[in-house]
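These notes are about the structure you will find just below.
Think of it as A, B, C and D in the order they're written, each chain with its own count starting at 1.
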Amino acid sequence: MIKGIMPPIATPFINDEIAFDKLGENISKWNKTNLSGYVVFGSNGESVFLTRNEKLKLIEFVQKNKSEDKKLIAGTGSDSIKETISLSNDGAKLGADAALILTPSFYKSQMKHEAFLKYFSAVADNISIPLIIYNVPKFTGVSIEPETVAKLSEHQNIIGIKNSDENIAHLTEIIHLTPPNFLTIVGTASILFAGLSAGAAGGILALANIAANECVQIMEYINQGKLEEAKKLQMNLISVNKAVTSKYGVPGLKAAMDLLGYFGGEPRSPLAPLNLSQKEDLISILKKSKLLN
Amino acid sequence: MIKGIMPPIATPFINDEIAFDKLGENISKWNKTNLSGYVVFGSNGESVFLTRNEKLKLIEFVQKNKSEDKKLIAGTGSDSIKETISLSNDGAKLGADAALILTPSFYKSQMKHEAFLKYFSAVADNISIPLIIYNVPKFTGVSIEPETVAKLSEHQNIIGIKNSDENIAHLTEIIHLTPPNFLTIVGTASILFAGLSAGAAGGILALANIAANECVQIMEYINQGKLEEAKKLQMNLISVNKAVTSKYGVPGLKAAMDLLGYFGGEPRSPLAPLNLSQKEDLISILKKSKLLN
Amino acid sequence: MIKGIMPPIATPFINDEIAFDKLGENISKWNKTNLSGYVVFGSNGESVFLTRNEKLKLIEFVQKNKSEDKKLIAGTGSDSIKETISLSNDGAKLGADAALILTPSFYKSQMKHEAFLKYFSAVADNISIPLIIYNVPKFTGVSIEPETVAKLSEHQNIIGIKNSDENIAHLTEIIHLTPPNFLTIVGTASILFAGLSAGAAGGILALANIAANECVQIMEYINQGKLEEAKKLQMNLISVNKAVTSKYGVPGLKAAMDLLGYFGGEPRSPLAPLNLSQKEDLISILKKSKLLN
Amino acid sequence: MIKGIMPPIATPFINDEIAFDKLGENISKWNKTNLSGYVVFGSNGESVFLTRNEKLKLIEFVQKNKSEDKKLIAGTGSDSIKETISLSNDGAKLGADAALILTPSFYKSQMKHEAFLKYFSAVADNISIPLIIYNVPKFTGVSIEPETVAKLSEHQNIIGIKNSDENIAHLTEIIHLTPPNFLTIVGTASILFAGLSAGAAGGILALANIAANECVQIMEYINQGKLEEAKKLQMNLISVNKAVTSKYGVPGLKAAMDLLGYFGGEPRSPLAPLNLSQKEDLISILKKSKLLN
């Protein structure tokens, strides 16, 4: 089962090539936490800038370097059903435990109920590992409706959804309409408390790259019924989360990693690293939240 | 203080004129509930279709017919600072306890931090009753940022915000950045559980027109720490709430009122009443939620 | 008939009150041009900040001060059918030749074909002057479809549409689907050449407040078949038009008026006048286009 | 030089595999027209559903089957600079004359001026054929500003832009800000007349798959100064163009091809072929425009 908190891990580059040694160092730090697993080449892994071969190498590398108790999920989806199946199965052979599959999105006006049913059913029928739907409207410009997710949750190889939307009503409705064992996963740390309170199974959170323990702690507090403590921790992380997602994106996340003892480095072009004044703003946000002294 | 659950009451019309007798009958039913007050001519009150004189008559009528324990809030805002002040003060004289003031929105690209500070400060300085900010992006096309709300919360006559957005991160950040006595009010029933769990002071909810007791019950369960019961009730109301808001809007709300023992009637033109198949869909949704037998 | 080029005239304020003397001076300058008329309280006239009484005074004043050959159009529309009819008829008594009626827009998701037919038919049936539809998606968040305009063009009191959208396909389709005597009016100077080439009857243009002769000249060149000259003039005005519309809005238009011999002054709050660096940018844009030496 | 009218050719499939024989038949028909060339795997070629290998085969096949006077452009862009360069150069070896490169778009909020400069410069520096920028906001959710295009037009290997937007002001401003030999290409047939009148160099038009002669004729009329004839033809094609683009998309285009003597066939899943009532609507639209008898 895939539950708990996972980071969609940032892909480190040096001179524009994947820096596997740095990735290994990051992983060894994360291995010591209670993260339940890792997502490779999600949106925060700069998936769209990676070649197919680089993606497979990442799966192989993380599989070898992660501690045994951690799960490994790979972001193998694209608009092409054929390529999605092929990459997912190749990833499975190298050790991926599940495939996180982005909604198709190029032909936006046609990506509705029927198209999503066809797409996800076709993929789920043909891949050897469980499928998790990935809904992220801010990047794709489309959104999958709760009714569609409900229908797809009947497929035995579709085990969950990562919903990267701050709309808690959307998330709650998905939880309400799907079976108890279907995994509804919070996709952004700003709604972790709210999502878990509503019954979500866990979180795949950019923030978990830099604040793994804090994210896990929120979940543990909730499981222990310590809601006030959970809420307080959540409140404290809101502005940090904004800084490494909507405000500064992947470059912000990587800069924060560099500041907090991980290797972040530069994003691949055309993304640009933070400039000086952005970095100062980030430092001040990290200090205010006590993540940085 | 203005806390708890309030309906933004639907304005009943017969032959296109306000049907005060029907409104009186609705109010006498709501008076028997634990609603904490009423909002007149909010978005669900068809405010934009009412004349200034009709608005003042509504305040006067509801003030006289509401039970003493209920508060009365009036939706007196418009883009014009001058007119907003004038209507709010005239409403105050007739018994409005607070003014719910919509964000100005016509010149969308300029309605940012500075403009909102100027607008709300100017209004709050000049009205004789407390001001509650009303943020409803789906109708206005603009949204007020948590940082702006934080700044405005320092004004002693600005006591709260109704945030009609399903983005729980936005709501949570407002709660986090404003003083404990600043009222953050949930603006749509679909996020009532999540919003109250995050620390919201109450809800102004279209759904409270037809399910006052259920909405109040969610709040009471949360206050009693009965989270599972609250969540269960919340889940059950999601699709009904969608039907009377995003799916069928004011015509849907009015049709539901007619089905559930209140007077709903027809909306003012150019809004159109539900057609037959929409009405049947609504009935089936109400039955599924057990609001209708 | 209402053809040719008209400015939606800016409303001048001094100490937040309408400065009728300054308006008179502006009008006397425009009277000497070949503008075919004036629009009072359109979007550029800060209509949403004006009281009903101020609007009627504006009609009365412009009617008295305009030269006889100019037409007078008033922006009398709002979401309320009743108020739209009332204001239009009161305006007609004071001299308005036609009413420019904004699409209703508050309940966005319901403002579709049927609602627009009902709204505009009801208004057109009950006002004593011809109705011109006003479609301006950037301010209203809704848009009226060409098919809907085609249907409305059958009403004998609906004589045209001002389409303030840079989508030339939308404008062309309206021209194609409506009778030859129906007036399709370009709503922004950036597409004046393209719109007139496609068969539009004229333009109601913010830019005509400051570049009346140039706008009229584009139209005359096209009527004379001097397309290259028209296009050259059009090209030269694009960045100026952007500066006084999408880039700096009404504050930009008013600043440009001050620079070019008209009275612009400050917009009403919460709009803010341009700051220094914005004003410098505007000056440089006006110089590049040779409107300013 | 790449001027004139080109279709972004639909990719025919039989049993989900590319039907090269059918493609050959289509090409032999288009070869007899005055189309100036072909675009392979543009948005209408279902590019996102094709594998890398299929794309290369398409280039090779079209190169061999097109008449000598036609140019061949390939839609080789993706968010990855590395992959874009690699595919463009492999395509060049197989006969592509130019590369049509989509704006990167995944990280929407960061895809602004600087990122576009970096992306397109890096690609243009490293590919062996000329680069044409491809701006299509409805699919990508981002748009490249005229100022950015102006800057990029200074690069000697960036020769033009296909602008698939109905905003004629945007297109006109690009023409105004770029050198005379920079190719501004209309990206949708609904604005062909307006775009060419404004100085565009040609059109890459979905509609040219089914109405090649008519599209070419509009251009020839304009070159001959026969504006009324051009406009009349343009008007007649508006609703057909809408049917095969915004209304029914690629499935609509393919259905129209089947009706008009070409092989269209079914789109790749998850796109679905038109249903019966959609097909009837399409037939009626084609008949009204006289493309179908």
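In this text, contacts are C-beta pairs under 8 Å (C-beta built on N, C-alpha and C of every residue); 3 or more make two chains touch, one makes a residue touch a chain.
Since the structure is predicted, the reported quantities are computational estimates derived from the model, not experimental observations.
Peer 1: Do the two copies chain B and chain C share over half of their interface residue numbers, or under half; same or different?
Peer 2: Mostly the same residues form this interface, as more than half of the numbers used are common to both chains.
Peer 1: Could you state the distance in Å from the CA-based centre of chain B to that of chain C?
Peer 2: 35
Peer 1: Counting only Cα atoms for the centres, state how far chain A is from chain C in Å.
Peer 2: Averaging C-alpha atoms per chain gives centres 49 Å apart.
Peer 1: Among line, ring, star, complete and other, which one matches the pattern of chain touches?
Peer 2: ring
Peer 1: Going by the contact rule set out above, which residues of chain B touch chain A in the complex?
Peer 2: So the residues of chain B in touch with chain A come to 166-170, 172-173, 175-176, 188, 190-191, 193-194, 197-199, 227, 231, 234-235, 238-239, 242.
Peer 1: With touch defined as at the start, can you tell me which chain B residues reach chain C in the complex?
Peer 2: Those in contact with chain C are residues 43, 48-51, 78-83, 104, 106-111, 114-116, 118-119, 122, 138-139, 141, 246, 249-251, 268-272.
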